[in-house]
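See below for the structure under consideration.
Read from first to last, the chains carry the letters A, B, C, D, E and F; within each, the first residue is number 1.
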């Protein structure tokens, strides 16, 4: 950034004024942000990328917006498994999760990734509270497929605890472990959880931070980014295979959320610094927005 | 403003991020702004200047800051008196105020200037509520000097009604008429009222919008603007005559307020667009800040 | 009053006991009172008449009734216009209101008449809060007829601010200026505003203080005062011309209010001392009551 | 009462206006009224006298005053004892109370007198709640003198339950039975209880309804009624024997209450219809007022 | 009880743990208990039986259950009538109640039986508040049959006052006197009142403490106690005469209550020490439970 | 346990009644329980021991007591380190904690031990919420000794978040990681944290579940268990070496807590089933109680 231009008072005033209607519109509303384990690959370090993200979250909160963070942590789980000498087994792209793998996943998600996000936010003040979907009945889960072991699906979301914390001015950071009525834990796809939580909260926005620049009509051509699509168009893009692999859960969660009370959903490029702020507070936006026409 | 530079995402993000710590610090705090009747002489019209001011107030409110506006209206009072063929009589710089003059002053302040400010703010939403110091016992006044007629001093401030409105998310706009226990109204210096209201509210800041660029160590030399002074320094500057005439009530109100619980007081150049925003949300600030060392 | 009879304990006890069921019935209910600019012509002075009115309002409030005062001020507007040398222009009985006339009307209503009523009430304590329909979105107005300039009709009433003040134990005094979404003010007929406010508040009663003794079946014969009429009978009386000129807006507002949730509406003779108290707290009442049969 | 004079509007208005400052002063304040078992001997029946008293209590409540009724019932206890053939034994003017006598006293006070008062009030609406000092720890009592059996003194008053009911808009009616920590009940002098309850509640007024016209400087001469005395003067009048027998507990309770936070205490002639209303709401008052000078 | 077995830690722990699910289930729920005037005939004294009952009520309250006690007092009424030399007259098993008999019944119920229960509970702390159905409009009654005098039926129950007290952590103890709108009192069957109060409160349970071991299919054979029946089975048992005389009002109240929102009703043997605790907190239960299948 | 004896109604009633005064005394009070990582060595499995503990916590909560659980997890940390091939280094009995070891400790405490406790409690309902001392500023920590790396001391406790959750009826389960203002995490001794949290909450009790039967005057002789000691006696026992090694932090925390507002502290034998229930609800208690004399 050119510090010269930023130091001009009229530039500063212009940016602040431009952001005004957006700040007013979103004040007091819940924004669910899925923070990806693999965003910011270009940042000099993961810690720096996380610090930038945390700063955005704190900014949102400080101006009256109510952010809720959801995260997974596939790469970090893989790293600890490797360190422990365990060979991961995948079936249809999903990690087969035995009891030991579940323990490892839970330790990494709840005890490492979640903690790092909470810590990064709390350098700005005692704002963040780490949670697992197991807390206070937040996420009731069940097995997806016996062959996959403790890989879970979301059966129900009870957002009471999240609502309480948000009302107290706190920022819940949710690790995507759920449990069944017997206390058995399950590891759940974080994109799916983010969508389900946004719906249960009646969120204003559901935001996915990814390492791509949005949804494209031609995945290979970056000039074909779609700035806005409808849930129906999402269905079509999946049907014809334009949306594929890792983007499918995100795109499906976006479409489902918008059909169930969330005003809009966004797939953003987490590698752009302050992508969330730019998407929310400037008219141009970044990434792809999913909304009813 | 160059739209080119403002459209750079990194510039926008930088300005938003720079404003973050200030927004957090002032959120939920009361800022009393004295809006001067003669600011913005360079604006193409008074209405345009007022619209810019109103936009700033709404921005403050929308991000959780609690602005309270105080205003006078000497020039407008003079204009109506002239139109009515009344010759104003001044004694020691203060307008001698008989019953008819008081009626005129009250009509102008409460029924014209106050209304214009309320209207300008409310183009952004139903936020502003016009008030007179007579409402609900807000300002108890008494005569300053029998020879001056209905020119009043502030005897007491009961900020209850202002606190109620502010808690409801509204922006009180206060015309500086007070009354005694018998219902007799008095016209009071608006700078003095602004200071007294800021003290009674325990405001974070007291801001005077003027048509000069701040307090100078040499009034004739614009390069001598003082960016920061203490209440004691104010006393000295008044004693030696550097601060004089119309700046005295403002400077005195600043010093008194800072000595009675207001964190800082500011004399800003209301001719700079969005001066309030720039003073509050950028590290450089504009004008002169009065604070304990 | 004969002090002899009033000093008899049994008389006093009888009056207090008679008032009991009425006080109970109206406690906690809203009463909207339109205070006319031309009532009390027989009082020794307008100030004395206003003081009597204020005393009644304070009495109502002190026993748990929630009065809301609405006022216009045609004669006072005319007086200032005359003093300024402006010649009023009327079309179909309505004052053509250009921008300057609107400014004058607003100054008089908000800055003079409203203030006088607030001051009179507040000699009894910090109870009254002056308001304009422009405050906090109270009255949204639009033009009645382009030929009339800034003469407005009520498009919507948002009673939130009035409800808040009333709940705090305060007495709102409303000047009948409204504004549109762009902040443009309009002068509105006070009788119409009183009715619209009463409806929006779900008031128990709407009371018009006038300088006649009620609605008569023969306007020229004071013995034909109707003590009680229905909205339908109002329609008929207007249709045949018995109700005419200045009484039409009052009668129409009464009929409309009763048809939209207000329990009863009253046209009282404001020249009778304490007419409001007598209407509310004695079985005989005074003036004309409009209610569904 | 002459209905002629009462029907004059100006008379009615005058009485209502005269009552205004008193109604305002006492609104929201607690008034403890001791209702005597032997008041209203001139009423055609006890039931009629009670109905008049109940009407006053309901009037007070309906205009925002918070009445609490305390009562004894010596004559009624004597009547049931006589019917049961028990011969009462007195020692120093106090009834010796064995277990059977206590049962009888409690049945009469709680099950008869209290119920009659509650019933009379509740013909006006579901307002009154009968209580015994035994309820929810209201009155902790201990024996006055072993020779007197279950005659008690007040050791402590916990007014929580009374405050709760009063806040809910209800009228507690308290029978003067207390109990110790083991649940043993005691019969306590009602005048003493009324004073202790008024003190514990920080009441505005303590009112004794009696069958005399107040405290006299010469008990035999009705022209010597004292309209106002101080606690010290009460002490002197008791010391010299001017206040004697049944008036002593009332006078002592008045003096003690005024010395412990109750603004004023009153001994009224319960035979005057609506004595409470007249004492509270007219400047002349009736009976004797005890207050600090 | 063998102190040996009770002192074993594992026994104590087992009992506490067994009670856990019941305590959780009933916490915060209302339990209406009809305390019979003739229970506990085997206790060494009525006072001892009452003390055991009071201990159970306090236990329930202290663990978050909300007990409401309803009681009659036929035998005690009969005793006072006998002592007063009045000969009771019965018609179809119901006492003919003239004004004097009503006074006696009310004194006994409100002033004696109610007080004894309140006193017994309050030896554990200031928990109980005695009430009559006359208080604050709790029970509106009307005459059952002119030939019976002041024997009443329940026309309506306004549980507001009971709900308030229960929310404050207090235990209402209700004597079964009701009143009509004119304040006329009526004596009402306590079983009927208990059922009506339980329904109005939406109670979890309605419990009758009696001196039999429950409802039997053969009244003469104690081995035929029914541990559980449905409302329909109650109807049948009454129709064929198996349920008769004094059990009919209890059984009918149970069936009616269960059909109107009360989860279950119970007829227990009040002679078993701590019958209420055992019924609520142990899986075996005692007596007969009425519930929908 | 002999089911025979437990099924006797009188035994059950006796146990329930015995527990009554304790349940009343502790209702609404906070009990901080330190759950030891090495308790229940005699249970057939750790999971079974944990299930028993969870049942006790839920029982406490269901009867209105407010439990807060604090835990460490030394053995489990050691196990994962071993599995990862890391050799722990100890200095003065404290584990030297480099960044990698801290990550491991945090994963185990927050992601494994904490989760297991939350899961065990939540099989009874959505009651438990897992927390780290890092959440919402709960525990501010600083380094104990540079040579030990990220081993921390408690610098401050902000119990706001715990109080909020407890008021909502939830059970906080706290892993003993703290953080400094920069977000750097520290591993802290769990006994110390438990004491600091109990003090900050003004807890009624601080309970340590251990694998010994309490504090002994002769550590080698189980007959010398002290059932009750004072903080001063603790000081003496530590000074003479009777209290040593692992018991020192617990004993010191007990003494400190009792000296800073906690009513009593307890060292219990966690191997006794339901030790917490027996200590709280039976007069004999188990283990050692620390309290002021």
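Quick note on the criterion: a residue touches a chain if its C-beta (ideal position, glycine included) is under 8 Å from a C-beta of that chain, and two chains touch if they have at least 3 such contacts.
The structure presented is a predicted model; accordingly, all values stated were derived computationally and were not measured.
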item	value
Partner chains that subunit B and subunit E have in common	none
Centroid comparison with subunit A (C-alpha atoms), farthest chain	D
Chain pair repeating A-F, as identified from B-C, E-F or C-D when over half of the contact pairs by residue number coincide	B-C
Rotation angle superposing subunit C onto its copy subunit D by C-alpha atoms, nearest 5 degrees	180
Same vs different contact residues, subunit E with subunit F, by half of numbers used	same
CA centroid of subunit A to CA centroid of subunit C, Å	58
Centre-to-centre distance between subunit D and subunit A (centres being mean Cα positions), rounded to whole Å	70
Euclidean distance of C-alpha centroids - subunit D vs subunit E, Å	35
Interface hub residues of subunit A, defined as touching at least two other chains	125
Contact graph of the chains (line, ring, star, complete, other)	ring
Residues of subunit D that touch subunit C when the two form their complex	1-2, 5-20, 23-24, 27, 55, 58-59, 62-64, 272-274, 277-278, 281-282, 284, 286
Complex interface listing, subunit F residues touching subunit A	80, 83-84, 103, 106-112, 114-115, 118-120, 122-123, 125-132, 134-138, 158, 161, 164, 168, 170, 177, 179, 181-185
